[in-house]
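So that we are looking at the same thing, I have put the structure below in structure tokens.
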Amino acid sequence: MDLRPAPALITSGWLNSPTPLDIPDFRGRVLVIEAFQMLCPGCVEHGLPQIQRVARTFPADQLAVIGLHTVFEHHAAQGTREALAAFAHEYRLGFPIGIDRQDGALPATMTAYGMQGTPTLIVVDRNGFRRFQRFGHIDDLALGSILGTLLAEPAAASAMADPAGGCDATGCAVPPAA
Amino acid sequence: MDLRPAPALITSGWLNSPTPLDIPDFRGRVLVIEAFQMLCPGCVEHGLPQIQRVARTFPADQLAVIGLHTVFEHHAAQGTREALAAFAHEYRLGFPIGIDRQDGALPATMTAYGMQGTPTLIVVDRNGFRRFQRFGHIDDLALGSILGTLLAEPAAASAMADPAGGCDATGCAVPPAA
Amino acid sequence: MDLRPAPALITSGWLNSPTPLDIPDFRGRVLVIEAFQMLCPGCVEHGLPQIQRVARTFPADQLAVIGLHTVFEHHAAQGTREALAAFAHEYRLGFPIGIDRQDGALPATMTAYGMQGTPTLIVVDRNGFRRFQRFGHIDDLALGSILGTLLAEPAAASAMADPAGGCDATGCAVPPAA
Amino acid sequence: MDLRPAPALITSGWLNSPTPLDIPDFRGRVLVIEAFQMLCPGCVEHGLPQIQRVARTFPADQLAVIGLHTVFEHHAAQGTREALAAFAHEYRLGFPIGIDRQDGALPATMTAYGMQGTPTLIVVDRNGFRRFQRFGHIDDLALGSILGTLLAEPAAASAMADPAGGCDATGCAVPPAA
């Protein structure tokens, strides 16, 4: 666990949100990000059902859930907003879903977070710091424990004095790579 | 159970098969057809895993499994061969998959079989007669029983004397709607 | 598959049946026997739920389900009728359950059938012949297929002319070891 | 959540522990207690597998798991130490299991905790205070969150100055009913 703020979300569009979202929008809440691809079986069978359970289990004013569509293969089949919208509609995904921006070999946010593939689950604390990232499966007990620990932490105002970096009582934060 | 031969498969292409396939190609074997859409959650979670289990459980020289992609919604997202190929690749679908021909409000084979939606599971006996059709789920015990019953039936040569219709010892068959 | 009648059920008592039962009592129906122990995890988690599904799936006038309590270990804990009755009550086992007779190193019916342990699933055809026996798990599709095959067979009156042995049109049956 | 210490464990014996155990033995660790009966299907199918997952997921020096056999029915079938030992052996229960003392209409610890039935899951914090109790099922995400929250709390020495009651910085504790 480092003390660096979570990198910014670099997106080309959003579903289920009237405006683009980024890490600071969730300040004060624990944020769970599920990076997925719509044609990734592990995402469909495990990752997405799990964050739907997370969204049902925890109060929305304490914890937020978002998806991030990080397409790095089969672009023709799953790379359009229409395909993603159809998928989100059929699978009843009601949370905001960002479309990771395609501007390199890998999508931009995927690169900024150093993700190894999909599904990747990321947890950001109330103060905007990335506290957990896992490629592949994590079971519900372990994930619940991580979320419970972070929910028990206060949202220290000082820690967010300068979300772009800087020092406070807990330490000094490196600004996000931006 | 009527004595009518199963309607012909009207397709615009096939995956996992070098040539187009139709009911008579499976003569002598029990044929299980899974009609699905790649963005249909019930197909992905239940129907397709079930016929993969069927394909593993029964000997290939006695029972054949095929898919039929009957797209009737979200055509932009799932209506291309590329999208289906990516899906089949990611979900490790190794059986032949026909693409139901789009030439009306509903795909042509879907209409010919009177399907109500996806997933629909169809079982054709060794002699080319449709013996079972179910929209939605069927559990493994019940499906296994149906397949066991049909596998126990001999492939009476006479019954197939005229696969396009005609009479034999078991009765008179109406020719397929063609 | 031999043509020998299923060995007799040698029991010291029955639950859920006013009278003792034996193979000939099920003549005309396919009979599924689940040999189990109440403290056998594989029986509780797989075998017993599976035959409860079997009992729900098939019509009772065509197929019967019974249990056989074949205690070969932990006799003090699970060897009494009271323990079995409490277990059957809590697990809602409504089918007849025979108590395999304890008169040797192994229970008598367990020995007669050559069972290797619990759970063991046995299927007897409409004519009283043992057609399938499996120690351990069998999945629903495969079991359903076996049952479907046997349900499709007629109960030939002649084959049961002499259930204790003898010859008929299908062949000559060795009398049960009795 | 009150500030009362968890009631004492009133037992007539233990499995998987050379000595009797009680709440103060777990001081400094979060303690998860699963109250169960060996013939309770909900315990066998959900409660016990869940605390086995808990035991595997969390480090033993931070969190302890114990069972409590609270027999309140079918005493003849499940009320002996032999029956429980056979059950624990077959289900591979490796954690300490206390046998709730039979000295009233209900077992003594069951009464002291006001349990409504089995399974009941109880969580005691590092300082010996009961923080959670649930009759029936709780899903893994929610349980994980509770455990994560309690694991994040320090074991304040002062809070345990007088585990039998008394006041400290957090408040005043009613002595356990003893």
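The first chain written gets the first letter, and so on, giving A, B, C and D; residue counts start at 1 in each chain.
The rule is short, and it goes like this: contacts are C-beta pairs under 8 Å (C-beta built on N, C-alpha and C of every residue); 3 or more make two chains touch, one makes a residue touch a chain.
The chain list, named the UniProt way, goes like this: A, B, C, D = Thioredoxin domain-containing protein.
What you see is a predicted model; the values in this text were computed from it and never measured.
With contact taken as defined at the outset, there is no chain that touches chain A as well as chain B.
Summarising the inter-chain layout, the chain whose CA centre lies farthest from the centre of chain C is A. Centre-to-centre, using mean CA coordinates, chain C is 40 Å away from chain D.
As a whole-number value, the distance joining the C-alpha centres of chain A and chain D reads 36 Å.
In this assembly, the C-alpha centroid of chain B lies 54 Å from the C-alpha centroid of chain D.
Shown for chain C are the residues in touch with two or more other chains, of which there are none. The touch graph of these protein chains is a ring, one cycle where each chain has exactly two neighbours. Taken together, the chain B residues at the contact with chain A in this complex read 39-41, 44-45, 73-74, 76-78, 80, 82-83, 85-87, 89-91. Of all residues in chain C, only 53-54, 57-58, 139-153 touch chain B in the complex they form.
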